[in-house]
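Letters are used for the chains, namely A, B, C and D, taken in the order the chains are written, and counting of residues starts over at 1 for each.
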Amino acid sequence: GQPAATQAPATSAPANEPFVFGMLYVGPYNDNGWSQAQYEGGLYVEKQLGAKMLYLDKVNPADRPGTTPDQLAEELVAKGAKLIIFSSDDMKDGANAFAKAHPDINVIMTSGDQVWADGKNYTATPNMTNIMGRMEYGKMIAGCASALSSKTGQIGYLGPLINDETRRLAASAYLGAKYCWEKAGKNAADLKFKVDWVGFWFHIPGTTTDPVQISDNFYTTGYDVVISGIDNPVNLGEAQKQTAEGTPSFGLAYDYVAACEAAPDVCLGTPYFNWGPEYTKAIASAQDGSWKSQFIWLGPDWSNINNLDTSLVGFENGPALSADAATAVKSFIAELAGGLNLWTGPLNLQDGSAYLKDGEVATDQQVWYLPQLLEGMEGLSASK
Amino acid sequence: MTQETLLIGLAGVLASAAPIVFAVLGETISERAGVINLSMNGTILLSAMGGFAVAYNTNSLWLGFLAGALIGALVALIVAFASVTLQQSQVAVGFVLALTCRDLSYFLGNPYMGLTGPRLTATPIPFLSDLPIVGVLFFRQDAITYLSFISIALVWLWIYRTRPGLVLQGMGEKPAAVYIRGGNVNALRYVYTIVGGALIGLAGPAFSLAIRAGWMGTISGLDGVGWIALAITIFGGWNPARAAFGAYLFAFLQWLGLVLQSTFTEIPSQVLQVAPFPLMILTLLFVNIGNTEWVERMLALLPEPTRKFFAKLLRAMRASPPAALGAPFERD
Amino acid sequence: MQIELKRIHKHFGKVHANKDINLLIPSGAIQGILGENGAGKSTLMKILSGFIQADSGSEIILDGKRITIDSPADAIRFGIGMLHQDPLDFPPMRLVDNFLLGLPGGLLLNHKKAMQDFAALAREFGFALDPESYVDTLTVGERQQLEIMRLLFLGARVLILDEPTTGISAAQKEKLFATLKKLSAQSITVIFVSHKLEDVENLCGRAAVLRGGELVGELQAPYETLKFVELMFGKVVTLGEKQSLAQEALTLSLNNVALEDARIKIKHVNLDVRAGEVIGLAGMEGSGQDLFMRACAGLARTVGGRIQFKGQNLTGKSYHTFKRHGVNFLPAARLEEALVPGLNLMEHFILAEHPSGIFIDQPAGEKLAAERIQSFNIRGGPLSNIESLSGGNQQRAELALLQTPLDLILLEHPTRGLDIESVIYIWGKLKERCQQGASIIFISSDLDEILQYSDRILVFFAGQVSNPIEASQTSVEQLGQLIGGKGWADA
Amino acid sequence: MLKARLKNLAFQLAALILAFGAVSIILISAGASPWEAYKNMFLGSFGSVRKFAEVLVAFVPLLLVTAGLLVTFSAGLWNIGVEGQVVMGAIVTTWVYRLFLESGWNPALIIVLAILGGMVGGAIWAALTGLLKTFGGVNEIFGGLGMNFVATAWTIYLIFGPWKRPGVASMSGTEPFPDEFSLPLLANLRLSPWALALGLIAIVIIYFLLQGTYFGLRLKAVGKNFRAAYLLGIPTWRYSLYSFLICGALAGAAGAVQVAAVYHRLLPSISSGYGYLGLMVAMLINYQAIWAVPVALLFAALNIGSIQLPIVMKLDSSLSGVLQGALVLFVLLMEGARQKLIKRAS
């Protein structure tokens, strides 16, 4: 089934009228998380290129029953969009179908690996580009910040559902935490790092575990820091509640630079995506015809990871991060910038099997397709 | 897990059940009066959203809860009007409202998504909160949870220990008989449906202002709670105490699912989450199977003593709903 | 308390149930209200007790004061209490709760006091009722006693009883009458509704007769029965000649059949029913006759013994099997159990025919309906919905549904709520079936009907079953005794 | 007679006006222009061939579900479990696909098998509720609700457990099937004429089944008076089960179409809520098969058209749900008012 090839010409629009691009967000554009970061990215592009953004949020079968991402993308094209950003891994199939059906329209598939020549799912798609940030670094920093702030040495990780991406991010957080914990001269054995999974990106009563309950359970059982791996940081609210009720607790948000504002007083920081710059480059190339399909998986701009004009991944310190912790985090970032790679052996998988032997550095594939959690982490590695 | 953490966990269960407790109590009252309010799922979402919005704008928790109750009462009023006055199918009207109110809450709630508003925190009760065990379990909760405890007691007393409560019991059984005893059946049905609705409406803010603070539209994780509460009401067999127990059992299972997640890796995480529904169905099966034709046929085939035994057993399990549930009352 | 009814009118849609009724009932009197079915008795009483409201212009005057009664609550306030035709109480609740429900008082229930009051009243009237037991374990008579106690405790000065003698034992009837006489002595006004002449004759000092919604006459004791009958029916009616159509062939034979349900146990029933024979089942409601009849239809399971039908053993088979062998059962509750509200006459007849094939044959259906309506002279057309028919016509429709050929007809109260003409007509139709060799077993609470139409009679009392009694060799008195549980030794 | 019909019409018109009135008020209170909203919804569903095709894509499963529900409703059953039956249909369809994907059989054959499988799956799921009802005395509303949740939980379990795609288990569901396993679609559109035909045939068959056959008549009798129907010699419990099976099969077909023609895989909320929406349609048409097609089409159009609201007016699409609900609600209320008036009059 080949959806309609729209008549919209690929050639860039006359200078006088703005270039129109469309974005699809998986969640609410104001979810204080992943989708909002995407939305901000879009605004950035508008500002930089004087382009015009059309968007549709809540692009998921629960919110838009009976629709498919490619169908919705076509709605945006019908409204004049000449480039579409599918901004979530969950739109993968829709993106593929759309790219195939509309060779004349360029597609940015965020967090996908379809056009990664060395990836497992490679299919040459000239009008598609994958963009993803190496959030592993962000998560390492988050882990570090947690380890430095935890009194009990118990760190909880609020995981959405179990897959390659969520596993490698949780693992990164663990590596960061472990590194800074030991660096602070504490005993590795005293560090507990536990992942509890919701089973979905959000709570479905009667079907998934409740992220609120997960956070509460962490905080009430001695975990005084919880790192959010889901799109809206419910853990912050719970940390706030716990603190108000006398158990000092902290949390880290995710995805969106300003996410801490939901609960500043307990927020240690936010590892975030800053999509603006990369989207700007890609869209500019589409405009001037220099577009080519590429797989972009970038780390932070180490000169200043919080430079919103250059860095795809960053870490925003939260108000709750103590001064000394802040300095320690700063030096950790410096080390990372200096080439420190925590994805270096010896590392075992959760079941004890060898993952990286001593000194071995993980390849991109090994990281991207991490098969299990790492040894030393509690929690499920694969969903039953 | 230490006793300490276990207690805290269980206390958390009591708290997280509070909204459902309100919902099942409300539904129980309403059904006792002969009106089944199927709109619960929508009502809870709408009152959660409305309650949050009001609390956010007025920065007053109590106005938030009040708003929730009012919304619940309003929806119930529609149910009552349609079923009591216009004598339309309660199920139909309730079901439509369940869907409509849900979508309405998403539509109107859009501007409030992701905002941080006021939130209820625990208020330990002096002295009592220091008691061993019970102190942790019952007396370090927030106001709304205390209210949920009180409501259970009040509703139970009302139904089983007061004059109006006796009338309420009668109304579910034979409205005409209540009428000739001087009771104004339809007026009373309005009252109880609306009061029940208000209780159901409290469930919303109990989520959005306490347990699952804030409003996040679809991802608030509230869609479905109402249906669960309905299931629990049935499980409770129209007895407020049993219904409340059902609510706590449900919350307990959820919590169990979480704490067992990493221990019993063999059980799919969904199993314990969805358990309440098979449980409800089994309960209904047990209390109803005695009335079915084929069981009677089987019984007849049994020899005297065994037959006696099983007949007794079945009769003991039997718990039939209010006879007049869902039936409009007409004098002529 | 003296009651005066002036220009009472009541319409139910097209039905004019009460037409300009004027009646004066002196204080302390026992006033009889007589009339054929549908005459408007219940309607009038429901108006007086506030259950329904009369059309505007109607007046009710109590001890000279004009009052308006808009609800039972009002009626209770004026001291008017009514015992409804079908008992309005709460079967799954305890007696004491039934007693308490609706009594004025404080917010909290006081069971202790309620028990005392209950006991006191019960003693006063010599009712043996256990306040802790549940209503659904009571007989109709006992439920009436409970209601009467409640009404009196509420302070009723006017007591209305709508057909209280249907379905209670002779003994209970005597007790009831005694009670009522005692009350009237206490200058409580009693209004007694019935269409049983002898009841009124035995009890009431005065009687008013309704017909077609109008008050057609008032009489004082002593009465002359013929006058009554003439007033009630507008003419003198006489029951047809009693004739037996019993033949030799056996249709149904039960040996040592044992039955039981939640309340009743029946042991060792033996009965042979011959073709064309009519068996009447007498007994106060809930004595086991209904269970027995349903067992004969395969609707209740036997727990022992054999049921033979025309030589075949149908023990433990379902009603549908019985039906295939030529057994039909007509329940008393027409609209609840026998007919399908929302479907029209034609659709009923089609369903009863069990047509094979897939698509409905409309013309055939209409033809069928037309001839059935004609031969059972039902007032209604093929397309008129069943619930819009009058009670008697619904009953006729039910009979028209009987399949042919047929060997056994089981009837619950075949003529309850019907006037004497309908009764005669329907029995005429049934006897035709007997001529064609069908046997009939029927339940009735009307002993005259049982004596008139049965060849043999089974009397039920608390699960005991008498041996078959030749109708020709017994009398209302003897049956009454047996129903009341007396004289079983020789039965 | 005619006058009565006119009165009817007046009441239904009033309901329509009230519904749109109420929704307009809601829109205004949200600071939006009702006219704009309705216009965008209309254009969004009928504005172009492609858009109308999308409407039909949503129309097909909705119609199938509605057709099924007409049967259970005439048997006097409130089959709220239909939602789960759609899901079950989708699950089994996917399962059959997974069984035969590598079999190398003719795709056409596999598609047919998969859809039949879906129908069987839905029927079985419905039968469970039916058995609970007829042999367990469990009210079908509560039984059905329970089964719905179990079905949902099951999909989630399968998608994130046994059937998860290599590596990335996600909301996007299981690995999509190759194109040749899709029900053939119209060129350049997402619409499958086969699915459309299936839906239309289903409703026509159901119409005649309920109107013209002895089966339908018996079903009605069972629905209106279970007890009497039994005494009239109808094997009531069997007829209840039949109605559940038929409805389940059609709901299953809807689920199968979702998999075989729309999503080509299993995903969370695969039912797209068509089960519940179908109940609304059935209520709105007052259980009359004759109106199923136009009303189902209207509801599908509202679903699709409402996508314009967020794009053009920054409004939430859930407005369509509000409008659908308001329509049904006011029609119910107006019907009640009408009956009350008639009673008064007589």
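In the analysis below, a contact is a pair of C-beta atoms (placed from the backbone, for glycine too) under 8 Å apart; a residue touches a chain by one contact, two chains touch by 3 or more.
These numbers come from a predicted model, not from an experiment.
Hopping across touching chains, the smallest step count from chain B to chain D is 1.
Chain pairs A-D and B-C differ in how many C-beta pairs they share in contact, with the greater number at A-D.
Rounded to whole angstrom, the centroid-to-centroid distance between chain A and chain C, based on C-alpha atoms, equals 78 Å.
Taking the mean of the C-alpha atoms as each chain's centre, chain A and chain D sit 37 Å apart.
One simple way to say how far apart two chains are is to compare their mean CA positions; for chain B and chain C this gives 43 Å. In this assembly, the C-alpha centroid of chain A lies 38 Å from the C-alpha centroid of chain B. Of all residues in chain C, none touches 2 or more other chains. Among the residues of chain D, those touching two or more other chains are numbered 149, 153, 156, 161.
Residue positions of chain B touching 2 or more other chains, listed in rising order: 217, 224, 227-228, 268, 270, 273-274, 277.
Chain pairs that touch one another: A-B, A-D, B-C, B-D, C-D.
Taken together, the chain B residues at the contact with chain A in this complex read 1, 5, 8-9, 12, 16, 113-114, 116, 119, 121-122, 211-214, 216-225, 227-228, 254-255, 257-259, 261-262, 265-270, 273-274, 276-277. Across the complex, chain D meets chain B through its residues 26, 30, 78, 80, 132, 135-139, 141-143, 145-150, 153-154, 156-157, 161, 276, 279-280, 283, 315-316, 318-322, 324-326, 328-329, 332-333, 335-337, 339-340. Chain contact summary for the complex, chain B toward chain C: residues 161-167, 169-170, 173-174, 176-184, 296-297, 299-301, 304, 307, 311, 315, 320, 323, 331-332.
For chain C in complex with chain D, the residues that touch the partner chain are 13-14, 319-320, 323, 329, 331, 336-343, 347-348, 350-352, 354-355, 357-360, 401.
Those residues of chain B that touch chain D in the complex are listed here as 78, 81-82, 85-89, 91-93, 95-97, 99-104, 106-108, 110, 217, 224, 227-228, 230-231, 234, 268, 270-271, 273-274, 277-278, 280-281, 284-285, 288-289, 291-292, 294.
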